[in-house]
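To start, the structure itself, in structure tokens.
In order of appearance the chains are A, B and C, and numbering begins at 1 in each one.
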């Protein structure tokens, strides 16, 4: 009798998030909603963002009033087509209990693996293989995925790694070439005993992910490229230089603001984290080498280079770092999701949306 | 990244810089200890055990134990710096500046200027500050305002292990004389600190908390006391910006100005005394530059105008505590 | 200390240089004395006349790798070390183009390229700084020495005793050269120096020590040579006390009422290092009077030019006020 009833749950947008506040409802009860319709605005300690519908339905009940705190996994509302009886919905609500395995209880593991002689720090989250492997962008680290990682981990294991030169991995890099980093990702998969993964790469991490897919398409179950420079989308020339040269807090803040559609997204903690990373000399050295190598790369990566790998591109319409340009059309077979009011950091600017896009892509790719 | 004490973070910075630059030498009393005795070498590893193990790694040629001769040894450090070395001299207690004032305030500070910019003096003087150990009037002062009086010197007052390591590396690489003030009560403070070498620029305050109602500026150990007060005030609905300038020369006035611009209220917490101190200095600068932004008189929370007493009951009432900071913040909120 | 005079006997060429330096110092100081009296010197000056053999006897042994830490009675040693006479004069006149751009003045004559280190206001600290120079020399294995010139007055400061001890403990290549001119400002050494013997303090700190007549260039030259060579060869620090009379007051304008009547005239008559050297050059080294007179004339021209250029030099640029306070201005 619950067929067609979908609970609308308090999402988890970060490892630390245990509850969220219902800021305001964006649709009235009875409204027809579509995939990606923003339903309710939720505030966590780190972000205020809308929770969206996953598919076409009707918002039948708004359970959580505005202004209240709801634990992660708690019931915010109920979606169901008009064909479902009110009584059934009431029964569903009465019977609803937060999932036994709350996200908070999911196994998480911070571990260190050695690949190609480099020490790699990674965070594993959730269970179920083949896992998602997340590759951060230039100057980022595994913590950058914190707003999407838990949502992704509802379905399967999620592994985010600090690439060499970044985060808590080896800062002294054996090489700065994209091929080296591609081989690092493959070696990491070997070290973890993973035959196949769903690869997600942001920006430079997307370049590396494309290189992995091209080199070993049989090991990539699906590919999601976020804000990634490709053949048609060069990196904004001055950004890398300005990022490298920014030494003081104010300079770093200004540079980071260029990443976001809304500059207010750049928090003090974010600036501090980037500063702490950049100030490590070996990291700075690694970044400069990577920047040079990326700049000198003889050819730009091609998202269609591995046609057998289901590939999607997620990009912000206001991305100033890797702007897609007015006339961009994705290569044959590649799906493009262009997000409004989002810049170069979709996984931070629209985490719920990005998580649902990745989950949908992964599910589709996993379908028999 | 690993959890390190403030003491270990400082030692790591010294070790990294000594590895990085063979011209970095350490000069001070009992940096190793045990010289000439029949017992162990490196018996002390520094009066505060900060330099333990370094003599084993770098030898007595680079870890130079001195006689009890602050004037000669700090003076020698100045001379060596002007001659191109990067000495790190240790003045066991800042209170002992009394016996080597000329070396620090006249020689180190003015060498470059007096000689028309011909030389630089890349000297770091590590010293310790602070009350709280019942050491009495001549081993407990926080004399950093004295150093900031003198143009030519730079003054660092790190409050955390992370800052201590990065700022000490900056100090040693800096081409000017830097007075690096370690608070003895912080030596056991522990936090995550990168294992790798890194530097933090001088003149950049750390924004410890963002609140918006009141600007609280605190230095050295007072950052932690103020943080306790700020947490308590938040429970009562008063949200403070907490700013740690980290260096008193250069002083990051921009960060303080930006905060005061928004809050209109300023409380400064300083373990140095109330007269001619850092709190007075910051108060004067803000009053002069930001008068129109102020909605309440600036309040300073400092020890009384008295020497530091030894008895624990007296010393406790000497050092500012969270309750005094809370009272000061409340008083500026009433306006 | 028994060292054969032949080892340290100056060459004829060395004597020529030494005499040139001493004569230049004497002429310079006498000219400055006159200029000061005429009200044309903008600052306080301490004249070195009478003590020339000390600076010349020491500097004869110093090379480019060596440091000389000066006293506030600075003009003589600066000239003997080879600093540019015009730049020295401009500095004393606090003008643009001075050795320290007019920021130091008479006591702080400093030339980093010559490793000539300007004096310090508190007088004794040069002893400590010289220990640092010596430390740097040893650290870099430069085969150099650091000479700290000290007045008799400075030797009563604690930092000097500390430095004697530190240099000895660390076996530094330092020579402490004490120029004992009989007075610390207006107080005689017979009052202020217990034991009235600074050379005696050397052995107390484990240092070889000697006292020489500062009116005798040859004696200074030998004693300095022995001490500098010992330091250079790794033998550690030494102390040399040079009894060198000063012919003028502590500073210009000093009425010198603390002196006995006729004292200066007597010193000039009996203990003038310059006339004694000149005589020995003629008697023992085959210098002709004409040759020496020609040197004197040449030096006179140099002095005239230095003072003329200094008087004509533009004043210090006001922009210098805030310059060179720091080497690294990041964050300031």
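Here, a contact is a pair of C-beta atoms (placed from the backbone, for glycine too) under 8 Å apart; a residue touches a chain by one contact, two chains touch by 3 or more.
Computed from a prediction, not measured in an experiment: that's the story for all the values here.
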Chain-level touch network, classified as line, ring, star, complete or other: line
Most centrally placed chain - per-chain CA mean versus overall CA mean: B
Interchain centroid distance [CA atoms averaged], chain A/chain B, Å: 42
Distance between chain centroids, defined by C-alpha means - chain A, chain C (Å): 74
Residues of chain B whose C-beta touches two or more other chains: 201, 204
Touching residues on chain B, where the partner in the complex is chain C: 23, 25, 61, 64, 66-67, 69, 71-85, 87, 99, 102-103, 106-107, 112-122, 151-152, 154, 174-176, 201-204, 247, 249-250, 252
Residue ranges of chain A touching chain B (in the complex, touch as defined): 168, 171, 247-250, 268, 276, 279-283
Complex contacts: residues of chain B adjacent to chain A: 1, 162, 166, 194, 196-201, 204, 207, 210, 254
Chain B contact footprint on chain C (complex, rising order): 67, 69, 98-104, 108, 110-112, 117-118, 120-122, 125, 127-137, 139-140, 146, 158-159, 162-163, 165-166, 169-170, 320, 323-328, 330-332
